[in-house]
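First the structure, which I've put down as structure tokens, then a few questions once you've had a look.
Labels for the chains are A, B, C and D, by order of writing; each one numbers its residues from 1.
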Amino acid sequence: MKAIVHINPRSGVLDPQGQAVAGALKHLGFAGVLGARQGKVIELDLADIDAEQAREQVTKMCEQLLANTVIEDYSVQIEP
Amino acid sequence: MSMAKATDFEQARALGLNESEWQVILDRLGRRPNETELGIFSVMWSEHCSYKSSRRHLRKLPTTGECVICGPGENAGVIDIGGGLACIFKMESHNHPSYIEPYQGAATGVGGIMRDVFTMGARPVALLNALRFGSPDHPKTRTLVSGVVAGIGGYGNCVGVPTVGGETNFHAGYNGNILVNAMCVGIAKKDSIFYSAAKGAGNPVLYVGAKTGRDGIHGATMASAEFDDQTEAKRPTVQVGDPFTEKRLIEACLELMQTSCIVAIQDMGAAGLTSSSVEMADKGGVGIDLNLDHVPQRETHMTPVEMMLSESQERMLIVLRQGKESIAEEIFKRWELDVALIGKTTDTGRMVLHHKGHTVCDIPIGPLGDDAPNYDRPWQAPAPLKKIDAQDVPNRDPAQALLILMHSPDMASKRWIWEQYDRHVMADTIKASGGAADAAVVRVHGTDKALAISSDCTPRYVTADPFEGGKQAVVECWRNIIATGAKPMAVTDCLNFGNPERPDIMGQFVRAIDGMAEACTVLNFPVVSGNVSLYNETAGSAIPPTPAIGGVGLMDDVTRAMGFGAAKAGDALVLLGQSAGWLGASLYLREIECREDGAPPPVNLAQERRIGLFVLDGITAGQFTAVHDLSDGGLACAAADLALASRCGLNILASKTLPNAGWFFGEDQGRYLLAVSANQLPGVLTQAQAAGVDAAHIGTIQGTDITLGNTSLGLDLLRRSYESWLPDMMEDA
Amino acid sequence: MNAAVIVFPGSNCDRDAVCALRDHTAQKVYRVWHRETALPRVDLVVLPGGFSYGDYLRSGAIAARSPIMASIKAHADRGGLVVGICNGFQVLTEAHLLPGALMRNAGLKFLCKSAKLRVENTQTAFTRAYADQAQTDIPIAHHDGNYCADEDTLKRLEDEGQITFRYLDNPNGSAHDIAGITNRAGNVLGMMPHPERAIDPLTGETGGLGFFRSLAGALT
Amino acid sequence: MKAIVHINPRSGVLDPQGQAVAGALKHLGFAGVLGARQGKVIELDLADIDAEQAREQVTKMCEQLLANTVIEDYSVQIEP
């Protein structure tokens, strides 16, 4: 089974990457870009277990390693 | 005038102000402050900004000297290095933020110290970092090490300033409070140094750099408080660094500095817009009017107090000459930086803030500085510790002990750290970490001169005896600079201690400064800048007292830069200085005997100076092939460093008078190990005698083993042991 | 020969490149701001090391879309010499002037150390002054130096002699130990090691001298 | 309106970050992790235009800047 973890800078936390991307897009002539935020997605291949257990496990992984909860928010999505 | 609601003492107390401080505010204002005004008083009077516990003691440090252009009080210290150039440098702590978020905390520490240096007109040319972590087996240590190191590298590498040196210690005393001290050294034209006094009314105030967010609000107050269980909840105050913006800010500011537009300039560091604007106005003897609606904002609905206290990074405040606005704006726009005129200086002596059509602050500026609290905190000198007699320490195999010491946390190679730092960008690095020299050596671009830079402190000694330990930190730094062939010029410091409201901690602080002051005075090594970081404690347990000293020296001929990596087979090993086998508070005692007791080695300043000048003369005359000072681990560890770096074995005889532990591992101060070619040896020994310097021919460079008395150790084994400790500890971190 | 060093926001080895070129290679060295659209008349264009645009998004990606890049492409198409060092190499791959991409180092850490290289092709304008198969030391300092390309590309690089420098002790996981490559025509070179930091015995190694001397002789 | 761009290492392309994540998770005792891939998400704030136009624009942004198609695949999602 698969888990997809989205990790994004917390709102209010500076996101220099996103800023640079927005700036570059504007320079390239994409005037309609008002802002950008950049985050990570981590796709995990997991041994098959039940979905609730998997979610619990992956949440633990986020807290312990994948996300830096001081400055990042995360969300977990489990796919069969 | 429509002022926001008045505050009360409860609110003041929540911001760290005490009853008497609150009374002073009421008295100076003739009324109760509103929220914005209270916020401004609270950060200006925080320990971090006001130095209220430390000020009277810092005054004991010598701050003047032939080379000093500007001592403490500005953003950084300035010394004259000849040829129309000045060197500008400072060290600063970012301890609390680095514990909470190691990568960003350390990165923003580097960013902050660079701004202190380029704000005075200098191009940053070198960075150093002094790090203290908890016990290697503490569960948090690995994450902290990997985050802090990545953060320091991530910022400095990106900006393109080489990180050339530093020091790293591990001790359980730092488990709950790591220390991250960063030092930046820059070079400026002597006739183009910029200060923070905003003289003259009616001048425009320009804001440049990153937009203001809610980052690090109350960071200065946080740096002035102990950690507790609630600290985790303070997390949203973490700032994120943007080295890309910093790099553009450096280039844009240095460009603007070549025009004659600037009256005063100041980075927005701790307490952000508040401290930068108050300090510029205060020093310039003017008032300041700001319209907060014009402050570039990253978030919506920011309140005046949030804007005034925000510690968003990569921002500068500039007071311009009238009519120069468009020149400045053009430069910053070209570098794609936010720039905004946010106010002007006035002749009222008041700080007046406007926000959405209201006056949200109207206070006299004088009291913010003049009436800042200045405490004479009770202190108590620590009891002296007992001397340890080397004869009472068990006898052990010196080669085996050396192997253990060179694999111990404080002694083992820090390659894992410094290989993550760009040490060579700017192409003027002559010696950096791993470069087999006691100090970093950085050429002054386009000249034959070089700066030697070192950061030092031995917390073991300061814990055992703050006075001797304070002296020793200065002296070791002096010695490290000398050992590269540079003349020591001046120092900056970063004084990391626990809670000053505790008399025993205050005692450590006071005595360490006394020791530093004495050493700096005798060695003519003035303190030109520095930083105090107090309240480094968690749940009542304070860090070992750690006054880090960052020194700068100057050499005229960079081709003479000396190190300890070029000893040749056949060279004689000469030990300078007196050896009494001092084992108290030594690394040997801690690592081999698991004891952390005893008085630390005393420092004889007159002797230190005499020996140092002798070494300097010898290096200038080209008499030595290698020079290394003796510090942690004494003679054997210094010899091991020299052998590893020179890729040669060596042989040192046992002492006729001292037991092996004391002779090979004692940490008597004021000593250097020299490698001297056979034909120079007689001259060196004669000259030493003439100069009143103890010099003994104690061994020879030879073979592929290190031989101590009648025990030996292969160089390859030693190298593996020395190199493997940190990578093994950090494996998969 | 005349040279231009391109300056992107975040470039930080531009001064080092200018100094090295001035001392060892070129009569005249221009600094050219990335927002320019035309190059001065030069024989050689150098994209220096650093962190253009903070290396945000991908190293070199944003710089590769700068206004100046069109004239650099035109210069390369005319057979003019182009060198990308470190971040400049990343820019050249992002701009498709060189094949492949530079990914995060296998060890995931920024790495600053001396690298032992073998000069694989001494028939280029960049390497003529080296002895065939010479070994030389030039330092690296990068976070994203792990060269990767598909098998066909790698085979072509090998077959056509486009691999110019190879690591003897691969520090970053690069495919085929690649440290530097040229385009097929041989006039565009990208390399991760920093030759401009290896020209002065005082500051360390001198393995980069051959590089600058090769260029100095390239037009004669 | 918003666009969400997912950028992932192409299959077959080396993914050092993903590998390291999988390794680290196993070290932490998450035995069920069989593999991991790390990608990026970029969230764009766009001036309001019609969704099809937006998709077209963002696809252009991906081709021109956001993705390096030598090593990365991308997908675009438009949200009102």
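One rule holds for everything that comes next: a residue touches a chain if its C-beta (ideal position, glycine included) is under 8 Å from a C-beta of that chain, and two chains touch if they have at least 3 such contacts.
All values derive from a computational prediction rather than experimental measurement.
Asks: So using the touch definition from the top, which pair is joined by more C-beta contacts, C-D or B-C?
Replies: Between the chain pairs C-D and B-C, B-C carries more contacts.
Asks: Please identify the chain with the largest separation between its CA centroid and the CA centroid of chain B.
Replies: D
Asks: Could you put a whole-Å number on the gap between the CA centroids of chain A and chain D?
Replies: A distance of 10 Å separates the two centres.
Asks: Roughly how many whole angstrom separate the Cα centroids of chain C and chain D?
Replies: 29
Asks: Let me have the rounded angstrom distance from the C-alpha centre of chain A over to the C-alpha centre of chain B, please.
Replies: 36
Asks: Would you mind listing the residues of chain B that make contact with two or more other chains?
Replies: Where chain B meets two or more other chains at a single residue, that happens at 242, 244-245, 336.
Asks: Two or more other chains touching the same residue: where does that happen in chain C?
Replies: In chain C, residues 53-54, 56-57, 62, 65 touch at least two other chains, as defined above.
Asks: At least two other chains touched by the same residue of chain D: list those residues.
Replies: Residue numbers touching two or more other chains: 24, 64-66.
Asks: Considering the complex alone, what residue numbers of chain B touch chain A?
Replies: Residues 100-101, 103-104, 210, 213-215, 235-236, 238-240, 242, 244-245, 298-299, 312-313, 336.
Asks: Which residues of chain B touch chain C once you look at their complex with the stated criterion?
Replies: Per the stated touch rule, the residues are 150, 153-154, 157-160, 242-245, 247-248, 335-336, 418-430, 443, 558-559, 561.
Asks: Inside the complex, what are the residues of chain A that reach chain C?
Replies: These residues of chain A touch chain C: 16-17, 20-21, 24, 27-28, 38.
Asks: Show which residues of chain A lie in contact with chain B when the two form their complex.
Replies: Those residues of chain A that touch chain B are 9-10, 12-16, 19-20, 23, 68, 70-71.
Asks: Give every residue of chain D touching chain A within the complex, in rising order.
Replies: 6, 8, 18, 21-22, 24-25, 28, 30-47, 49, 57, 60-61, 64-66
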